[in-house]
Amino acid sequence: MKNLALRLFFVLALPLILVIAWWFASDSSTDVYWPPLHTILTTFPDVWTGERLSDDVLPSLLRLLAGYTAAAVVGVALGTVIGSYRRVRAVCEPVLEFLRAVPPPVLVPVIMLFAGIGDTMKIAVIASGCVWPILLNTVEGVRAVDSVMSETARSYGITGSARLRHVVLRSASPQIFAGLRQALSIGIILMVISEMFAASNGLGFTIVQFQRNFAIPDMWTGILLLGLLGFVLSVLFRLVERQVLGWYHGLRDTSRRSS
Amino acid sequence: MLDVRGLKKVYEGSGRRVEAVRDLTFTVDAGELVCLVGPSGCGKTTLLKCMGGLLTPTSGEVLLGGRPVSGPPPGMAFVFQEYGRSLFPWMRVRDNVELPLKQKKLSPSRRRELVADALESVGLTDAAGAYPWQLSGGMQQRVAIARALAYEPDVLLMDEPFAAVDAQTRADLEDLVRGLWQQRGITILFVTHDIDEAVYLGERVLILSTSPTVVQEQLKVDLPAERDQLHTRVAPRFAELRTHVYEQIQAAKRGKAADLEDVKDMKADAPPTH
Amino acid sequence: MLDVRGLKKVYEGSGRRVEAVRDLTFTVDAGELVCLVGPSGCGKTTLLKCMGGLLTPTSGEVLLGGRPVSGPPPGMAFVFQEYGRSLFPWMRVRDNVELPLKQKKLSPSRRRELVADALESVGLTDAAGAYPWQLSGGMQQRVAIARALAYEPDVLLMDEPFAAVDAQTRADLEDLVRGLWQQRGITILFVTHDIDEAVYLGERVLILSTSPTVVQEQLKVDLPAERDQLHTRVAPRFAELRTHVYEQIQAAKRGKAADLEDVKDMKADAPPTH
Amino acid sequence: MKAETALLGTAGFAGFLVLCEAVPRTGILSEDYFPPVTRIADALVTELGDQAFWTALGDTLTGWALGLAIAVTAGILAGVLIAVTPYLREATASTIEFLRPIPSVALIPLAVLLYGTELQSVLLLVVYASFWQVLIQTLYGVQDVDPVADETARSYGLGTWARVRHVLWPTALPYIMTGVRLAAAVALILAVTAELVIGAPGLGRRIAVAQSSQAVPDMYALVVVTGVLGLLINVGARTVERRALAWHQSVRGEVAV
Amino acid sequence: GSSNSSDSAGDTAADGTTTVKVGIIPILDVAPVYLGQKKGFYKKRGLKLELTPAQGGAAIVPGVLNNEFQFGFSNTTSLLVAQSKKVPVKVVANGVASTAEEGADFMGTTVKKGSPIKSPKQLEGKKVAVNSLNNICDTSIKESVRKDGGDASKLKFVEMPFDQMPAALENDDVDAACTPEPALSTVKEAGGTAIAASFYDVDPNLTVAMYFTSQQYAKQNPELVKKFQEATAESLEYADSHPDEVREIVATYTKIPPTLLEKLTLPHWPAEPNRASIERLAELAKQDGQLKEDPDLDALLP
């Protein structure tokens, strides 16, 4: 019980301080672009309830989910292959690095050529951005499998898919999760970017509309909502991670618990 | 069964070149239990890994049943010296032992039975549900042994498998290994630093020189096949043999073969006693 | 010097609750060399980590020079059972040994000297420039020992430090440790599974019961202070003592104190021989 | 082996180019919107001959390098500080998770408002986006310290700073290197995007001009330039990594069998 | 913190010329200021222009408000919206206007080659690409549909940059697009046709975009603003009457391929904004719900 209260305190303390600081700093602001926080907060419920929730937020979330999942599957699969074979890595790396350095806003037209302008395009844009941290981390994680462990696996004839499933992926999982975590927030960013092109609904689209139409407090509520969304998703993510990486946290915590 | 011919291994990299093994030639017959002793760093682990197909020799070759070993052959189990790192920290003890069995076509119930038996024989039934890192060093090592036993191998390569367990457990495990060997007729290559253990366990003791390594001596252990902790270890012949091995290792460390008159007769290539 | 009072340690987490140590009370005097034996998994490592301030006991306390230990005290060196993982793979052997010295205010030349001496005394002068993962298991373990020796500690906690080295090296290292202990008067707590080693090295042998652990017996080793590998090990008293310890461990594993008439006299609290 | 890697890499890239040439040539995509490589190459040659192009390249690289340097330094410092200070991690976790997904593109009006279309605007966006990459990787890396290694360090009385330097840092380094490589690419992306949207001088602005003029090959030529930049940056990062991580399993593994 | 730019009134050099920064979009429409700069219309009034290209109003309006730019270029609808939201913007000069020639406007609502859509009315239920939703493009296209007797509320608008519209039409991602030059010519190149001149449909003389500054700047620097106004008016007039020079100058700041440049329909550059057309646009915008309140045109226009 006491533990829970302490955790809650840690989660809330800093955000509260920041919000209070913001509140007072912006209280008397007359600048159109810096509306007072209380204006933003009173606008919030008006903007993000009712139809907007189902018409803009939900489609955005679904696209995010689809793009993220696609990126996770592709990133882990490709990363495992690239990480396991030095030659494949040598062949693929330049091309991948090349593609990775192309800014998504200029990549969007190209993706549009392949994927049209519908949800497929947006999902592709999200996936194309999320895939990099997952891919890179998977490659590194797979490359770093402990030599004694991989020898153990080899000597017991644990090869092929069993080796992949039981040894390589598990051993790389801490690093893969680091990548997945990174990708989550990149996904949200790309969700917004993708909705800046050829969209007619979505969270990103709405925010950009607000911005263009000088509905500045509304725009700020959008930014806040994105932050909240990111926060909620990361909490969910942490739950999953705790589940999957339970062994890892247990292992790493043993010494720390005592200090 | 296992033929090692002119094996040589040179490690290179990160600014260091080590000729770990210079020239090893010997044979392990099918169903034989050979113990390997030698000074620390002489290349025992290297040799074992080459025999297990985990390391490619710089030159020379290893033959298993007449065919060159190029990768880990099926039906072979390996107990690593670095037992801690050879267990998968993301799996509970039970799953660690079971994993290699999944590669064999066994019914789940048979698998469970094998796992339970193996864990029991090393005295770890209680720890089946724990993660390896929740166990003590000796317990981890016993998990690694249990994994090898459950695998029911034809060839068993063990690299200092009892280094971290207490004297009593060690004695029990020694008897366990000898018992299994006698029942199942498996071929065992056993690396140890404990000379008494080498003599007690082995049908033959292979003494390696310091690095760059050659075979310093091969010693037939002419003790009766039926051995037990109480009587064998106090037998006069046992004492002679262990003194001989000890002197050979000392000699190996000094860098030359021991030239001791009183043990000459021991080098006789008498047929194994069993 | 080192007081352990009512020490209890319970591990909890990942669905497992283990009462590793139930109630330990004993004292190690300043400048004493105490050996610790006990069945595998009985809590020796746990105890050592608590004494070294690396683990907080569930209850009870450890006092060093009268003051409770809350973190690793200065002037203490630890040799870990998991020697492989306790070396830093990103540093060469030399740097691994030197690192703790950097925390002490020493001149670089003195540091280099200490490192060179320590590496020489474990026979690893040649390997100074290698990475730990380029070494054999026994060599790695010796690096860990060298690191502790170079540190010139007042209190030395060693957890099965010779498990991976060959018999000859082991004997040399045993003499090294006893030599250092006699010269410098450091306090040493030494965990081992080798009963001969415990008796040969220690002034006192502490025998632990199986988990949940209590002190099964404390045994004064009334051998002369000057010991050597050749003569001490064949002394009749040595044989008596080792047999006694062996029986106690067997008894501990069976879960109760041995009740052997013929060794009763050994429990006498005779003053230490040195 | 280095030569082999380079050779394989070149081969892979050549394959990619052939594919890009073939797709429009065979009519799978319209040549007008996805010009074949040869036409892009033509445009690229013209670009390379233009003095203004090099100025733009310099501007972009300045924004990128400065932004990346700031982000990496800040990310690592913050990450290590958060990791070693008791409770700081818990106290900042929620705020980090809140700020991180706020898209830098949504900050554009803010950046313009604060710094106009000058370099600082680009820097703000670049730093904001790449900082998180480094920070998160650092946090994960720091968590990966082997408990036995850490106990060893503690038992030998290594202080906080010494432990950070000798234990924590080498353990986290592989993660941080990945973070830096991610951040380098993200920084480049944002430098270009910021120029594209805000109109700060640089390659991005040239891309914007080419886009709005329907000069498709020119636009692709510039995109290729950013891609090649990313490629070079990665080669650099890899070289640093090989030196810094010679001991690491991932690098070691390539030396052995 | 809004105005931390050092050059709050533009930099005045020793010889009395003041440098002003103008945020523009690097498109055909702003050719007159480039031309005027080249011809010295600004210089002779003591102004030196620094033309800074930006992607769109999103960056230009805040830039002008915080005095990063002294002047900016923006389309009329955006300015109307800004004004109605009390964003302190002030128009200083005309930007660009519809050509007032039926069938030869610089913007067309286009469809791809062979499209079954022949008239605006047929756009009902179809997807139309616009560069920015709820802006001048959709307002005017709706007007075209209404004039053709269709139901404007049945259109579906999709947002994408002008330069991607030709490809989107080609791929059938959209059925029609709001294409100003040079996208218009690109579509026509590919065989597409314009089914309406929507700007023209709103008003033959529709003021499409204008140059503006912030109210604060206008108040503090009336002299400078006046000079900019005069010079821009002169430039607009000059550009209107010298199309060849316009094509020449466009090649310097855009990358429009020369072959395409020849074919471009140039817009009309009247010296003054056409108040009636702006009122009409405001009316339509209000009718379509883009404007919530009536903009104060007196405050907005010069």
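Read from first to last, the chains carry the letters A, B, C, D and E; within each, the first residue is number 1.
Everything below uses one rule, namely that a residue touches a chain if its C-beta (ideal position, glycine included) is under 8 Å from a C-beta of that chain, and two chains touch if they have at least 3 such contacts.
The structure presented is a predicted model; accordingly, all values stated were derived computationally and were not measured.
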| item | value |
| --- | --- |
| Those chains which touch chain D and also touch chain B | A, C |
| Path length in the contact graph (chain A to chain B, fewest steps) | 1 |
| Furthest chain, CA centroid comparison against chain B | E |
| Pair sharing more residue contacts (C-beta pairs) when C-D is set against D-E | D-E |
| Maximum centroid distance from chain C, chain identifier (CA atoms) | E |
| Rounded Å distance, chain B centre to chain C centre (Cα mean) | 27 |
| Intercentroid distance (Cα basis), chain D paired with chain A, Å | 17 |
| Rounded Å distance between chain C and chain E, as computed from the means of their C-alpha atoms | 84 |
| Averaged-CA centre spacing for the pair chain C and chain A, given as whole angstrom | 49 |
| Chain C: positions in contact with at least two other chains | 13-14, 49, 54, 71, 82, 85, 131, 133 |
| Contacts with two or more other chains, residues of chain A listed in rising order | 33, 109, 113, 146-147, 196, 211, 247, 250-251, 254-255, 259 |
| Touching two or more other chains - residues of chain D | 30, 33, 109, 113, 148, 151, 154, 196-197, 211, 247-248, 252, 256 |
| In the complex with chain A, residue positions of chain D that touch it | 4-5, 8-13, 15-16, 29-30, 33-34, 87, 90-95, 97-106, 109-110, 113, 129, 132-133, 136-137, 140-141, 143-145, 147-148, 150-151, 154, 174-175, 178, 181-182, 185, 188-190, 192-193, 196-197, 204, 207, 211, 219, 223, 226-231, 233-234, 248-250, 252-254, 256 |
| Of all residues in chain B, those that touch chain A in their complex | 49, 52-54, 71-72, 74, 76-78, 80, 82, 85-91, 99-100, 102-103, 131, 133-134, 147, 151 |
| Touching residues (chain side chain B, partner chain C) in the complex | 11, 13-16, 18, 37-46, 81-82, 84-85, 129-131, 134-139, 142, 160, 163-170, 193-195, 246, 249-250, 253 |
| Interface residues, chain A side, partner chain C - complex | 147, 246-247, 250, 253, 255, 257-259 |
| Touching residues on chain E, where the partner in the complex is chain A | 2, 57-58, 61-62, 65, 78, 81-82, 85-88, 129, 132-135, 156-161, 163-164, 167-168, 171, 173-174, 290 |
